[in-house]
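Here come two complexes built around chain A, the first alongside chain B, the second alongside chain C.
This part shows the complex of A and B:
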């Protein structure tokens, strides 16, 4: 598979009719990105024309920008005995400030609408006028568990906008941090699913593995969630002479415990019964609603932004892309399991080439026009887009499209017709976050 | 299957920390989770760039406000020293203001003994990045195992003794927070966890911030950090409930 950056095409609609999905539309509407799944490239279209379906997708991405609102995937269900059951925004099951409006007659979920916007802090507005280094403090605190993928994409966009070269070693640091964070997030999702299925021994072991991934982050970057980890020369960061043996020993232990645990958990009939054919997402729906990440890959679409990523570490390494066909919660579990293995392999490759990630510098390549950069990245829940304008070293505007925003419609669709007890199995398998959505 | 679970558990061994019977180790409390103090440095002698570099204005000429600090570590190269133990992160709002950058002396927070020997904890998020949520929930993992100290998470505020609040309150969450507190039976205590819940943290000036947690519900104790490490949160709950080990409450 080739690894092109952008393919710019004429204004209007992208040509051709192959499998593609909308990836980003700027707030001003002056440009849009489509993922072309057949050729695995990103199409950039200026002055785009959106179809009615694509406008609905865009509407859902922007839900909750001025207070709580629902993500909607069609006409509301009405009928005899149907009522709306509000869930959240205070609920231990979700453990976040966000909610759902469930339409039901008591037993089945006829329709469910995620209610987003409860956590809207207005981060993108707040960073305007700050320096790139200062703004990164705010951006990485948008969503703790995804801090490194946000910080990396934001920095890359801002550097592209400013035309500032990046040290090769920093690109390696970003890749290392993102892969460690991916391992944590996948383990966390698997643990939540095991908890939901009352697989208490497995859940405890997975939670312990997730904690050991956080400790590996803490020992390597000085911060368990990687806040400040991408600041060159940050105190507490042990990367300039990376403590290979320590990190490798931690990951070897994590890898071997995860292998044994994966076998046992996926050999548990009670666990499989709960996640198999639960929360199914069809390939058609996934593409139509712009699903990303493990959600998309579990519905048989082989899109992984790390394949397109033009930065040195990813360009030079073997990135295993995992797909499954069933589109259910089990398929997403299998994708995540393989991706934990994949990330462990990537980190191994990365540490091997660490000494060679020397003093060189790389020119950022994702500048769209002078003073504006758009960068992508593959976060744990899917690919994200940062669109940043910089002038005289200060941020002029920031816009983004996060994986959680892209995946909510699929969370909603996957639960149609499900019984209430399926809620956790479907919801948790997407790894969607209200904090990341609301910004 | 049972055999293989047991076999794996035996191979892994015991992970659970000895904390709080011994102080937290660097694994549990990395540098970024520690409260930066002035150490040998006099605050007034710090170059003005250090104060200017602090993104939340936590460092002044006369004090370090641990409640405002987001642990970004920008001040550390100037000679500030992270405190060695987890309890340095705890305090009342006033107790988190360190005159001359040194922890105020005196006794710690007064324990609320009447909460009884088993504590039920309810988490409410009013606008966090999810970091604090996950550190609080992480207390249930085998490394910290809060059950060994007689503490449990509960799914309903009606069963809760301690309300843990995380995040910066947005307009949409002010009323849910108040109602959650009101739904709890007395006696009850509130623990505000993380810089956002103390004074807004990095989001003190955010357009979406509606109030301080302390203006909505009465806060008994604050845990500073961004996010605080699980051991610091555990110290906080222990300070409210007073129980330090297995066995009857003192």
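This part shows the complex of A and C:
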């Protein structure tokens, strides 16, 4: 079950006392993953013992499983004139069916609790009993913008459960899809932030760029969000030479436009004023509450699952890992900007070596033996974990921990003490999604 | 021989004072007597304004000075304002004062009697006696808070301390007047080197009672912090401060044209008071503290108008001087009546919802009595200067006077006037915030509780009556100003015409002109405004009258797509003004205070840490006085320890030394035969 590069620990607490953060706990509690930030490795612990703080972290990951609930970071504020301001679940400004409970005495956010679980579809429960291929189609529809990272992690987990190796070419397809989707997501977050700051020209241009990223995805995989892209035999997966040339041309154009736009946007005083020192996340909080992705890296923790988990051929390519120190919205913007550049670089390397990638067309997973697999992947907003059990070719159980679930406590902490107008700048910079959380 | 009006005045004073012994028999009897006295006082004052000054009684005082009870146009005006207010507060008290004791009624009657004597005396000695009686009686009223929690004594002491400081300074001013004129009569003008001392002593002494900066805690602290009874609050805030205004005007009327810094000083103190009062009113959470702060603002405006008038007078601008004086008098009258209405309404809030925290009133007053609630809204609108109410007219007049400070000859005076104008305009904006907050949360909030069944009946009529007066004062202001002409003439010592006239199609006498020798500067016509409002709202009224029926649809309030919101999600008045607290944190010294209300938990996160949070604002002047009090206490403690250590030997030494000194003194001063 353990993957290459993971360190397995028999029972109890993970060894050592260095900086580490909880990455996953199975629903049965029989297995947990920790990120060891000293040794830069994933620790897999069986029959783990969780501290009280870690149980609180776990409670937040599981919030909203049985109806609407709030993600709480353990503080209650009372006082004369203090009231709760409910923002959502149906409100302007929050694009999804999710809300926030803001405790305030007016103007300033004393405490904020994301309210999740308003639109839970129960995808993980519904796929039980389906074939892996059918289940994958459900799983990737959990949250459109993150479809490919969910599909890839789910497939890796299922393949690991079935004990089946994955061909190099298939690894390349998954990496390409995920990097394209990362570019789209980062551009989308930047556009939302520019919109919040009323940088209307910049926002329109960023939205146009994000759209061109979606079109590149669609031209390559036959679907704008990459739905069905990883299904064996799906269209557009061969990526013949003309397709690659077309994609390279699209991305080159996108890259040069993004460079110019990034310079302009980050040269705008009004924009910088709004995001600098807004929504700060300290390194301690990030590690304690299990932050992932750009959120974690913007708080000066160099963790990128693409480096830790060699399931996708990142090891052979140059993966730039970007960190920032400040931990504020600006730091997250800078990290995302660098990651757009990094993804463009990765895709270039990948397309270069495309003809040399071995292995034929992928085949559907048909597990006969009962098995369990856990896989991680680095999605646009952070790493995600899928824990899949299969037997007789059918899904027996699926469990996951998504980047949005992990980052909500940091959204809440970053807004503490902020004024209302900071809300959009902090919230959008995390790229957290209610649909991904609810499942 | 006592004339009819004189007899009325005597009867009025007798009835007001007589309320005290009658209240010992029956509280209601006392209030009935003060009501009667107030009505008589109003009639007597109207006689003085209409037919000229009269003397009710004259005698020779203890030091041989001629004493008299009389009313002239100046004192008649103040007596009229006070009488109008007292009529309402006395009838209100009949329903309001249901406390266990009778002492509140006694103190109330004594305060009213003292102020009536203060207005009708013709010499400074009796004035001083009335002033001191008024202070002590008001102190007693403040002590009569419901339940008398221990902490209120400190607030009452603050009132007493400021009151006594005021008496000392007023006595100083009177001594200066006597020194200059050799007479205690209120009619002897003074000249000579002492005039500036008299002016400053009078300004500070009477300013203490008016509650202007930097003495404003003498106004808000006893009212807001002690929860003094609301009938007392109304009397304190609208007529006790009016006594201060009267005293100041009386003294200034006797002074010659002074240097221009007099007016500039008045402008500065007035503008600062207006801004401070408005700012703290906007962030106040107390249904009586907020109007109390607003009193500071309004008294500041009176000083501003007087300042403009003094500067204009000494710089040879008689038209502007007269206009500013009319503004000052109208402001004093409008404020007294309006503020009394607002305090009576605050008392209604207190009786209806049993709280004075604006964040907790939750529209209980509207549920209990929509008429009283509407009257409260109207009074607050007047203080927020909504046309065509009384507050609007006075605010307009004062700003118009300030706009004309460009006529002053010296550049620094122009600049001071300009600055004061900007500050007063800012204060007017802040008062709007304060009053919207007050009526929004105390009166207009959708009721969330059933009305309080124990709310006494009879609270409605006095509030509504005063509010009708507020509206009438505003709409009929051109005629009121005309009636004020004798008062301003009495102050100026020369015949002065009211600044009313005509323009366009508006009939003559319907408009107020902020005039100048070369024609009018600004113009407003409250009656025409009212007409325009009435005509303009006809289509809307017709639409609602004809088309609204049947088209009404009621739906539950939208709450983000969830079920009806719980009470914890209702917006608070505190939240309404937090924007100001944070934006003006430099002025307000805003800081957030957090106290852990459950023991801090770090090991077991499952029981979260709970905080009590408070966003405190700080009055720098209050911290100055706090420091002063600490210094005095520290010095007193040190002195006590130094000379009274509790050792018998030391005390015996003191006695022996004293005896020795006495023997030496006697031996030296009274040599033997």
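By our rule, the second predicted complex is superposed on the first by the 417 of 439 C-alpha atoms of A that agree within 3 Å, B and C clash if a C-alpha of one lies under 4 Å from a C-alpha of the other, contacts with A are read in each partner's own complex, and residues count from 1 in each chain.
What we mean here is this: contacts are C-beta pairs under 8 Å (C-beta built on N, C-alpha and C of every residue); 3 or more make two chains touch, one makes a residue touch a chain.
What you see is a predicted model; the values in this text were computed from it and never measured.
Asker: Per the contact definition in the header, classify A:304: touching chain B only (first), chain C only (second), both, or neither.
Answerer: Neither: A:304 stays clear of chain B and chain C.
Asker: Looking only at chain A, is it chain B or chain C that touches more of its residues?
Answerer: B
Asker: Between chain B and chain C, whom does A:222 touch in the aligned arrangement: first, second, both, or neither?
Answerer: first
Asker: Where does A:52 make contact in the superposed view: on chain B (first), on chain C (second), on both, or on neither?
Answerer: A:52 contacts chain C only, not chain B.
Asker: Determine, under the contact definition given at the top, whether A:338 touches first (chain B), second (chain C), both, or neither.
Answerer: Neither: A:338 stays clear of chain B and chain C.
Asker: Please work out whether A:159 is in contact with chain B alone, chain C alone, both, or neither, and reply first, second, both or neither.
Answerer: neither
Asker: Look at A:435 in the shared chain and tell me whether it touches chain B only, chain C only, both, or neither; answer first, second, both or neither.
Answerer: Only chain B is touched by A:435; chain C is not.
Asker: By the touch definition at the top of the document, which applies to A:328: first (chain B), second (chain C), both, or neither?
Answerer: neither
Asker: Once the complexes are superposed, what residues of chain A are shared between the chain B interface and the chain C interface?
Answerer: Comparing the two interfaces on chain A, one with chain B and one with chain C, the shared residues are 89-90.
Asker: Spell out the part of chain C that touches chain A in their complex, as residue ranges.
Answerer: 285, 357, 359, 559-562, 565-566, 568-579, 581-582, 597, 603-606, 608-615
Asker: Can you list the chain B residues touching chain A in their complex?
Answerer: Touching chain A from chain B are residues 1, 4-5, 8-9, 11-12, 15, 27, 30-33, 55, 70-73, 76-77, 122-135, 137-138, 140-143, 153-157, 167-168, 170-173, 176-177, 180, 201-203, 205-209, 226-227, 229.
Asker: Hey, which residues of chain A end up touching chain B in the complex?
Answerer: Residues of chain A touching chain B: 67-68, 89-90, 92-93, 95-97, 117-123, 125-126, 134, 137-138, 141-145, 147, 188, 201-202, 204-205, 207-208, 210-211, 214-215, 218-219, 222-225, 227-228, 234-236, 257, 260-261, 263-264, 267-268, 433-436.
Asker: Within the complex, which stretch of chain A touches chain C?
Answerer: 52-53, 55-56, 72, 74-91, 99, 104-108, 110, 419
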